[in-house]
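Just below sit the structures, each encoded as structure tokens.
After this come two complexes, each holding chain A, first together with chain B and then together with chain C.
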Partner chain A sequence: MKSKNIQLMHVLEAAFLPAIIFVAWFFASSYDVLPRNLFPSPVDVLSGFYEVLNDGSFFYNLNISVIRVLKGFLLGSITGFFIGITLGVSRFLEKLITPIFNAIRQVPLPAWAPLLVLVSLGEMSRVLFIAIGACYPVVLNTFEGVKNVRHDYMEVGKVFKFSKVKSFFKIILPSSFPATLTGLRLSLSISWMLVVAAEIFMTSGGGIGEMMWSCREFSRMDLVVVGIIAIAFVGFAMNFTMRKLERLFSFWRITLKQSR
Partner chain B sequence: MKSTGTLAVKNVSKKFKSQETEIHVLDDINLSVKSGEFITIVGLSGCGKTTLLRLIVGLESDYAGDILLDGRKLNGPSLDRGIVFQDHRLFPWLTVEKNVALGIVGKTDAEKKEIVQNHIELVGLKGFEKSYPYQLSGGMSQRAAIARSLVNNPKILLLDEPLGALDALTRMYMHKELERIWKEESITMIMVTHDVDEAVYLSDKIVVMSARPGKLQKIIPVPLARPRDRASIDFAQMKEKVLEEFMLHTEHNFNYSI
Partner chain C sequence: MFFIKSEKIETVAIGLIVPILLVIFIEVICKLEVVPCQIVIPPHKVVITFLELINTGELSEHFRISFSRVLAGFVLGASLGFITGTVMALSKRSERIVAPLLSALSQVPLFGWIPLLMLWFGIGETFKVVFIAFGAFFPMLINTFEGIHGVSKSYIEVARAFEFSSVKLLKKVLLPAALPSLFTGIKLALGMSWMLVVGAELVAAGEGVGYLIVWGRQLFQMDIVFVGIAVVGFIGYLMFLTLNMFESSLMRWHRPTATNK
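Up next is the complex of A and B:
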């Protein structure tokens, strides 16, 4: 029973600030502190939300964005995972690739957009855009994870005459997996942020970002705010799920920290 | 019948080189260990006893002299030598049974299962097969580590202060257990320790080492009958004898003539 109360407390604590903002926003709009022609009131936003729910465009676009993000995330993170492992395992490739990787990493993502449009005018360019951003955190975290494998554990493998391949699958991979998961969590959240940019830079594929962008042109600020709230909400849910997964798979590391 | 585990360490010296300095860790160590013997190496920290053990197991190379196991020169680690480290080094992401199964090679799944079960029972961890290392106490973790090191039936088991981190009572209990395992497996054991009580309780021979560079100071045979009684006079005298090597014994007045 106690744990249920504590959970309820957590939810209330988390909802406290949003509730205050909502109330403040409501009163600011009704007493014209926020001019309604520039910034929509909560009532406008709710009615706008109802409108896009009814004509189906909200879930249509949200769905496109979510699928786009998942494609970019999977492409980027799987590639990133292999790059991270390779850099972590081979000192030669680490020396060879790390400098150029660090240089490329500095390029702001929007700068890739013109090049990506050359690659493809369709969905592929948007997915690649997300994938590039999704790749970095997985590379960095996986690399760190592999580098931080305890030498002690590798010695255990040596005593048992493990081959390199066996050491990799029995020691390096499981031991670095929690770090990879952290990378994946960051990567998914970056992907979700990038989808809006991708849809604005490389238009006409639908999606929540494109919806917001076109609404802005029609001065439907209420729908822009609907988009912002939806993005925040989905992003929060994604992060929450990834955190749970992280806990689940790195139970031994978390408990290790607590007990020592 | 287990094959022999006779170890000969001949004129072994070891230096560690860092950029400018050279540290002489072991200097001309000679030691022979008979099959089935229990040897402890006692010395102050920094005397190179752990290095000697790591040389024997094959984790350190580049030394002068010879180390022979059953007459053959060692070349890197091998499954005929097991080691239990000071920190148990169980893999935290694996259960006890999977940790124990880790080193088994060339067996079918059914055989593997049987070996794991037998060794878990040998070290008294029955019922904890599915536990993770973080759920075990220090003593239980070392038991699991001992089981893991024995699965390939090594000829020699090397123990690097495996009980150092345990509380005094658990340690004494583990001495009994270790002696039982040693007898049941009829295996050669070489243990590094700085606990004189532990050394006298367990060893056939105590090797005393001095530090910087690590030298063999004295080999003291322990001819006491097993199981040994810590409260006996013989036991106390044996301890005294070892402590004398470290100038730590109590000096009795009648030893002096003025």
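Up next is the complex of A and C:
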């Protein structure tokens, strides 16, 4: 009974601040304390949401963004996976590539946007922009994963006279895969951040970021808020799914921990 | 000793192979005019443009403006993040009250705030500083919180035994023990700030290194774009190095405990 009370208390505490903000927001906007066009009331936001739902532009743009992010994510993470594996397996290539990889990695991601516009004005530039950001975490985590393969495993492989190819597929790949998954999760959340950036920096291809950007030009704050809530929600859903996948696919990591 | 040195030289030499080949490759391509020279710029021309921009003082002016924006945004965001993180780590109740709201806010991809902040603050300095502060806030908050939260209970008990006041506890025990984590937060926050200032200057600015890149693109002067990209990358790296040096000089005691773990 008491623990139930405490739980209720905790829920109330968690709801406290959002509730206060919501109420303050509601009253401030309905009594015109704050300029309505800059601080739309919850009702405005809902009706704005209803509006873009009805004319189909919401799902149209969201769809474009999600497809775009998947393209960029797949392109970047697959490339990153191969780079990471290669760097991890070969000492020489590691020495050869790592310095220039690290040098390129220092460039803040938005800085690539103007350059990519010159590569192509179309969808390609936005996808490449996302792919650049998506590639780094996968490279780094896969590389770490391959480097951290336990020595005893490799030795067991040697005892069984595994060929290089076999030890790669049977030992290195499975035991580095959990690290790669962490990289993939980070990569997807960066991709989602960058798709919004790409749609703001390189407009005229549709997408939820561009919807928000044009709503800003028309001072439709309610739709900007709709966009913010939508991208936060999708980002959260993506992260959640990736976390689930990470747990699902890395069950052998848990057994490995237990065996230690 | 000598052996280590020669190995180091070898590593550096191997690392230089790809960049040098790349430079030669691009130079040759441009000489043979395989691709239009407006898009692929021979590296020597980029260097010349770089020197020109430095000589006219343009580059340092753009840099100064960007840097002051980063500094303002970073100081604002990171100090707010530090304070919030400390309060959340010290009081369970405040954590329960603030955490849900903050974690909801942190779900929003950072660039998604641009339209909102531009409507609120216009396209001036305030917009950029607040935007950068947003980015610096969350990494600092998370790392401060985890750093203080993770301080070993035995340290706190020792402090209790000596009847430290809570201010003294914070100053003498909690903050020093959380220092490595705080530094991680500072590094992430500064890196994020640097990324966001470039982003903010791409969409709304009349000066700054991000603007320099956009400006070069609009004039179709790719050499300026490349100079801009190289400079922002290099400065970001310099900031990271400076912080690293500062960190290792401040935390000489940290190494041995790290190996103890």
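Everything that follows uses one rule, which is that the second predicted complex is superposed on the first by the 219 of 260 C-alpha atoms of A that agree within 3 Å, B and C clash if a C-alpha of one lies under 4 Å from a C-alpha of the other, contacts with A are read in each partner's own complex, and residues count from 1 in each chain.
The rule is short, and it goes like this: a contact is a pair of C-beta atoms (placed from the backbone, for glycine too) under 8 Å apart; a residue touches a chain by one contact, two chains touch by 3 or more.
If you're wondering where the values come from, they're calculated on a predicted model, not measured in any experiment.
Based on the superposed arrangement, let me know which partner A:F218 touches: chain B (first), chain C (second), both, or neither?
neither
One more residue to check, A:Y31. First (chain B), second (chain C), both or neither?
Touch status of A:Y31: no partner.
Touching A:P110 in the superposition: chain B (first), chain C (second), both, neither?
In the superposition, A:P110 touches chain C alone.
More residues of chain A are touched by which chain, chain B or chain C?
C
Just checking: does A:K158 make contact with chain B only, chain C only, both, or neither of them? Give me first, second, both or neither.
Touch status of A:K158: first partner only.
Quick check on the complex: what are the chain A residues that touch chain C?
Touch residues, chain A against chain C: 10, 13-18, 21, 38, 92, 95-100, 103-104, 106-115, 117-118, 192-197, 200-201, 209, 212-213, 215-216, 219, 221, 224-225, 227-228, 231-233, 235-236, 239.
Under the stated contact criterion, what part of chain A meets chain B in this complex?
Where chain A meets chain B, its residues are 152-153, 155-156, 158-161, 170-171, 174-175, 177, 252-253, 255-256, 259.
Flag every residue of chain B that touches chain A in the complex, lowest number first.
57-59, 77-79, 81-83, 85, 87, 89, 91-94, 102-103, 105, 132-134, 152
Under the stated contact criterion, what part of chain C meets chain A in this complex?
Per the touch definition, chain C meets chain A at residues 11, 14-19, 22, 39, 93, 96-101, 104, 107-116, 118-120, 194-196, 198-199, 202-203, 210, 213-214, 216-217, 222, 225-226, 228-230, 232-234, 236-237, 240.
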